[in-house]
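Next up is a structure, given as structure tokens.
Residue numbering begins at 1 within each chain, and the chains themselves are lettered A, B, C, D and E in the order written.
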Amino acid sequence: QGLLDKGGKAEDKSSPIVLGMLVPRSGGEAAIGPYMTNAAQLAVDEINAKGGVLGRKLELRPEDDACDPKTATAAANKLVSSGVHVSVGGYCSGATLPTLPVFGKANVPMIIPAANSQELVDQRQKHVFLINGTGTQQTDAAVAFMTKKGAKNVAVMHDNTSYSKDIAVQTGKDLAEPGGPEQAILEAVTAKESDYGANVTNVMAKKPDFIYWTGYFQEGGLLIRQFRQAGYKGPIMVADGSVSPKLIEIAGKADAEGVYATMTQTPDTLQGADAWKTAYKSKFGSDPGPYSNQSYDAVRLAAEAIGKAGGTDGAKVIAALEAIDGFQMFSGPLKFTPEHTLTKGGFQILSVKGGAFALEDALA
Amino acid sequence: MSAPGTGGASGLDRVSGFARGLFDSRWPGPVLLLAALLGPFVNATPYALNLMTTTAISVMLAVGLNIVVGYCGLLDLGYAAFFAVGAYTSGVLATRFDWPLLATVPVVLVATVIAGIVIGGPTLRLRSDYLAIVTLGFGEIIRITANNLDVTGGPSGIHGIPGLFGGEDKVVFYYATVVIVALAVIGAARLGRSRIGRAWRFVREDEDAAAAMGVSPYRVKLAAYIAGAVWGGLAGVLFGAHLSAVSPGSFRFLDSALILMAVVLGGMGSNPGVVLGAIVLAVLPEALRDLVDWQYFVFGVLLILVMLVRPQGLWPARSRETPQDAARAVRPEVRA
Amino acid sequence: MLEVSGLDVHYGGVHALRGMSLTVGEGEIVALLGNNGAGKTTTLSAISGLVRPSAGTIRFDGRDITRASPPDIVAAGLVHVPEGRRIFSTLTVHENLQLGGYLVRDQSVLRSRVERVYELLPRLAERRDQHGGTLSGGEQQMLAIGRGLVAGPRLLLLDEPSMGLAPLVVAAVMRLIADINAEGTAVLLVEQNARAALRIAHRGYVIESGEGSLDGPAGDLRADPRVVEAYLG
Amino acid sequence: MSQLIWNGLFVGAFYSLVALGYSMVYGIIKLLNFAHGDLYMLGAFAGFAMLGAAGGVFGSMTLLPLLVVLVLTMAATGLAGVALERVAYRPLRGAPRLSLLITAVGASFALEYGMHLVAGADPRVYPVRLGGTTLDLLGARVTVQQLVLVLIAVALMIVLNVLVTRSREGRAMRAIALDPRAARLMGIDVDAVISRAFFLGSALAGAAGVMAGAYYGKIDFLMGFLIGLKAFTAAVIGGIGNIPGTMLGGLLLGLLESFGTYWLGGEWRDVFAFGVLILFLTVRPTGLLGERVTERV
Amino acid sequence: MNLEVADLRLSFGGLLAIDGLSFGVGENEIVSVIGPNGAGKTSAFNCVTGFYRPTAGRILLDGQDVSGRRPEQIAAMGVARTFQNLRLFGELSVLDNVRAGTHLWSRQRAIDALLHTPRFRRTENEVTDEAHRWLDFVGLRGDRAGPARALPYGEQRRVEIARALARRPSLLLLDEPAAGLNHSEKAEMTDLIRRIRELGISIALIEHDMGLVMEVSERVVVLNFGREIADGPPEQVRRDPQVIEAYLGRDAEDSEIAEIIGDGHG
């Protein structure tokens, strides 16, 4: 509508409820997009099969943000213009940040499944909810486990993206606390390369007895392999962005064996979640991957909140989200903190056993 | 390389004759401006406004880069560096020190001029191929530095940048942008048609011959570089204000390449062409967005096709002698 | 051996050649004279395939080469030494000469031809390893001619070979052309130095505004008052 | 120290191999062939497909099938390069040289996202992987496979160098670069020579792609982008169009990265590498082995 | 303006292109520089105009030492030149080419252009008028609005001279202005050079066409192997046995050729 047309059309109460989802589908992070949209679609289909929400169907509208702020803003505006009710996307923090005011202005609540940069939290925007564990929660789990394993000298590695660097820097801060292990080195790699020999050499020179990789699975797989080739025999741990079967494939089964991961609860570790995995696999022909479960939960949470709010009005949905207590998700029962983050990340430690991730330590 | 000789006047010639008439006329500029001003009356959804605003900013970038590449013939593969300097300078001042955005503009001007001198100063004597790699390197250096430093907010960048006048409506911002960009386009065009603009083209065509006429290639190139930097920096201010956030992800090599492509696609050295090129390159990917996975494949194929059809660019630069200028014949006045 | 008839060439809107015709017989030197912009260079370029004529035919040894590509034409033995020398500036003199014999497969033939050029134009031998672009104007002109000779042409098109040459060298080059001709190479010679050209040529053409206006044996042309006035003085 | 050098040289060998094609093409038609890195990607995927298809035939052998696949891939990517030139570059001969930039970027997008359509965005893992028997070479950990790869790379480069600099082909390439019209007058079939240059360059990129796939294991549709950029950098600092220079340029870049990582840490590596290159170019404005040309007036 | 070149030396690697050359061009004088190919004439011009940095020696313009300055600085002192291998801005219009000459004296600032001040309009008109004036002066035939590369060679030569004149130089260096011109065109060039001198401009001229050299020069300097072998009025130089030996040949060109190749055919 043009500038002079005032007032929108009254909403049709029988039309579907639209969930917008910004994920990267092109560019360097394109591999992630399908994992997230597939899982979200799975949730939408399941809810619709049960009759939808408030008698209305759900509709998922994914858009490519290419992990690029400009493209993300355009996509967010497109979603807003097409009248989405809730946003359930957000993967790259740098691309998600500029979309906050876009959704905020249109009064669209955002349930962010993956992006978890501290910046998103610090903004304390009323309409923004993060359902991925925050970096701090993850690093707490990571450092607890390192301590438990008796690590003395930890190499922390990241890939210079905001997600990864946040966790790495936070881990460094935690390690700086007296007692517990020391940080041997904070090493950054460049994402999307193949050869990390120089980084490996750098790290090896510091003789670490524990390595924590906070980036994604593609580089993670290569790093594991290259560390093993360089003769590193100690434990390697990866953060949740690396928890994917592809990590094991890229590193090679032998080299990946025994690798730890900090991860929220996943279908792999939850009792009775096999059905979910099977459903996903039968529908999309591949295993779920990074942020599949969070995306799935984001849709379910959105449906729950809209149901509780009795409609799609943004303010009411936000209130309903704030009021949620005990909604069951992969990461455990949900209640938002005042910052709109998870109370407890629900992080556990997984490890690769026989070529697949399995629960190692629930860190109860 | 291929033979320039062609057959007699063909149908194509007649069509291009018409096109030439269109291209040489004076009205496309005002018409385009009018369209830009009327746009929101047709469609003022956030999406349309956003697209129009980013397009306008791309136009400003392309016109700025055209000064460097089109007028002066300096291949710049890292133009996003200046864009970044502008966006970060104003963004940091506005968010960390709570300056009003307009107040940051003078600082941005100084910063971009300095950036232009720092980058161009030591390198403009290099041959163009090497200049290309140097600019590419500087583009990467600026981006990585922004990514690594804390003042710039690291990889997630800075956010919460107010609008131009402090949180104005998106429509107001759009109109402000259109006005600024229009002035920038006119400014660039006027520079192109002046003494300095001619000097840029002389240097582009033949540095030695230009030097023999007293044109200092180095200074002239530096001037082009600085002008380009200022245009890019100001566009950066608009960009930051528009997105409310600035992060290193906006200043990748690919972004520099896209601005360069706007210049080439439109027609190097031709202001209307470059404006057109920027519009096409900003709108096309969005127009193809609904093709989802086919989007960039089709985009790539279209780029090739467009160039095959118009190898000189959409709206190539022409000798711009006006009929009056071309005809004026004065008797030689012999000086004593 | 070369028959050009009714050649028309356009550059965009400029009609540079209008029905130009000429012939060069086996073993002949034919001079092509004309004012600036008359279309001499264009004629040669059309023959060697650099410029596509819009009408007319070019036959070489009876074969139609009107639309043939320059490499094919060179392979047929028709070599063009272009206006403005067009030396490969960052290649050495020696490499420039070798390139002249690009189509000569037999390395020993190539080598002996290059050596022959060094003998004919000793200045080039002195400058063997210098970059072509750093030669003096006259040296470049010698190189351009030498480069053309290495190809072993049966018909040589020369565009203003005396340009930029010192008087002594002009004489030497003219003698050189006559010598090659004596060995059986036909020559189509565009020259501003009409006097010299008509001395060594057997026949000549005068071209005006893209059309042949006069032709005949060189001796007749030298005596023709119109030629004398415009080109000999 | 020797480990740093070896790391740098190993990575640098890949850069060189890819850079050579870049350099040849850039050397002749001054084209920033943005699609060159994507030919590397194409090679990696072609090798992937062939190895997958041939899995049964060769059984458990690794090196022999890999060599066969390497040669076949080189032929395939070489032809792809020729086709690319034919479709996207040749029709623009005579247009401003930057016009080709657009078709190059277009071709790059088409190749990348074409592969995205065919193979998806998820990375693929090579069926054959070069494992690692490590040797100690002057204090550096070196695997036999690395040595073999470097040897293959060096061999390919030497062959190319001989082909291009010692022959009329190389002279023809340089002549075309300087003055294509005059080159035609020498009897050089400009189109054919350019096609051959594309074939060679693309084949080398394809070889590098297969080798990278087999060694690192992971391939994806965007894997060519960064290395394309690095290759361009290497080609330029080597001295444009200069084959040995380009090889050195690739190795130098690899070393700079290796030492940059060591001295300043991974996040400043590229700043260091580019910073040194820029400084280097300001003192030696013609690249490593580029000829110092005094153009006369 | 007068030019004084003293003991100029220039070497490229081992090659001595200029080897202790001294010559001068006086106020409003036409001096021709002749010599065999590769004698160092163009190199000497390149030194004077700053394109080559002399290895040794001094170059004085009106008594001021300018050796080692850059081309644009020399141009700023009032020296203009043409090039042996034409160096026009091929893609630019003929008028623009000549406007290049006005760069140094046209008083226009970027701000004038941005705001289109009256000064901008005035200077632009002035520059265009000047360009036309010099094109008329050199007698250009052909399209002034079209790109320079489309002109025939001879016309391009004129444009180059017009461009140099638009610089309003006090000293003009012409490198083989008559190369590639036929007889009648050479006559026009002779006339043009004379008319330029009448404007009060000193001229240094490299030329292989002896007819032209003899007709216009006050003095002729002859180089061989980078050294001066003669310097004097044309008639005297022409008869100098050294010059004949090194450059002219035993007699003037025409009969020379006739003698060498005989009037065998034609």
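In this section, a contact is a pair of C-beta atoms (placed from the backbone, for glycine too) under 8 Å apart; a residue touches a chain by one contact, two chains touch by 3 or more.
On a predicted model such as this, the values are computed, not experimentally measured, just so you know.
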| item | value |
| --- | --- |
| Most widely separated chain from subunit E, with each centre as the mean of CA atoms | A |
| Taking each chain's C-alpha mean as its centre, the one farthest from subunit C | A |
| Euclidean distance of C-alpha centroids - subunit A vs subunit D, Å | 36 |
| Centroid spacing, where centroids are CA-atom means, of subunit D and subunit E in whole angstrom | 48 |
| Computed distance of Cα centres, subunit D from subunit B, in Å | 31 |
| Multi-partner residues of subunit D (each touching 2 or more other chains) | 113, 116, 181, 184, 267, 270, 294-297 |
| Per-residue multi-chain contacts in subunit E, two or more chains | 12, 42, 51, 83, 87 |
| Residue list for subunit C, restricted to those that touch at least two other chains | 11, 49-50, 134 |
| Of subunit C, residues touching subunit D in the complex | 48-50, 69-71, 74-75, 79-80, 82, 86-91, 95, 98-100, 102-103, 131, 133-134, 147, 151 |
| Residue ranges of subunit A touching subunit B (in the complex, touch as defined) | 1-4, 25-26, 63-64, 67-71, 73-75, 77-78, 80-82, 92-95, 97-98, 100-102, 105-106, 117, 119, 123, 160-162, 165-166 |
| In the complex with subunit E, residue positions of subunit C that touch it | 11, 14, 33-38, 41, 83-85, 123, 130, 134-139, 141-142, 160, 163-171, 174-175, 178, 192, 194-196, 198-202, 217-219, 222, 229-233 |
| Interfacial residue positions of subunit E with respect to subunit B in the complex | 49-51, 70-72, 75-76, 80-81, 83, 87-93, 95-96, 99-101, 103-104, 106, 108, 110, 112-114, 116, 120, 123-124, 127-129, 132-134, 136-137, 144-147, 163-164, 167-168, 195, 198-200 |
| Sites on subunit A touched by subunit D in the complex | 25-28, 30-31, 33-34, 160, 186-190, 192-195, 197-199, 201-202, 218, 221-222, 225, 229-231, 246, 249-250, 252, 286 |
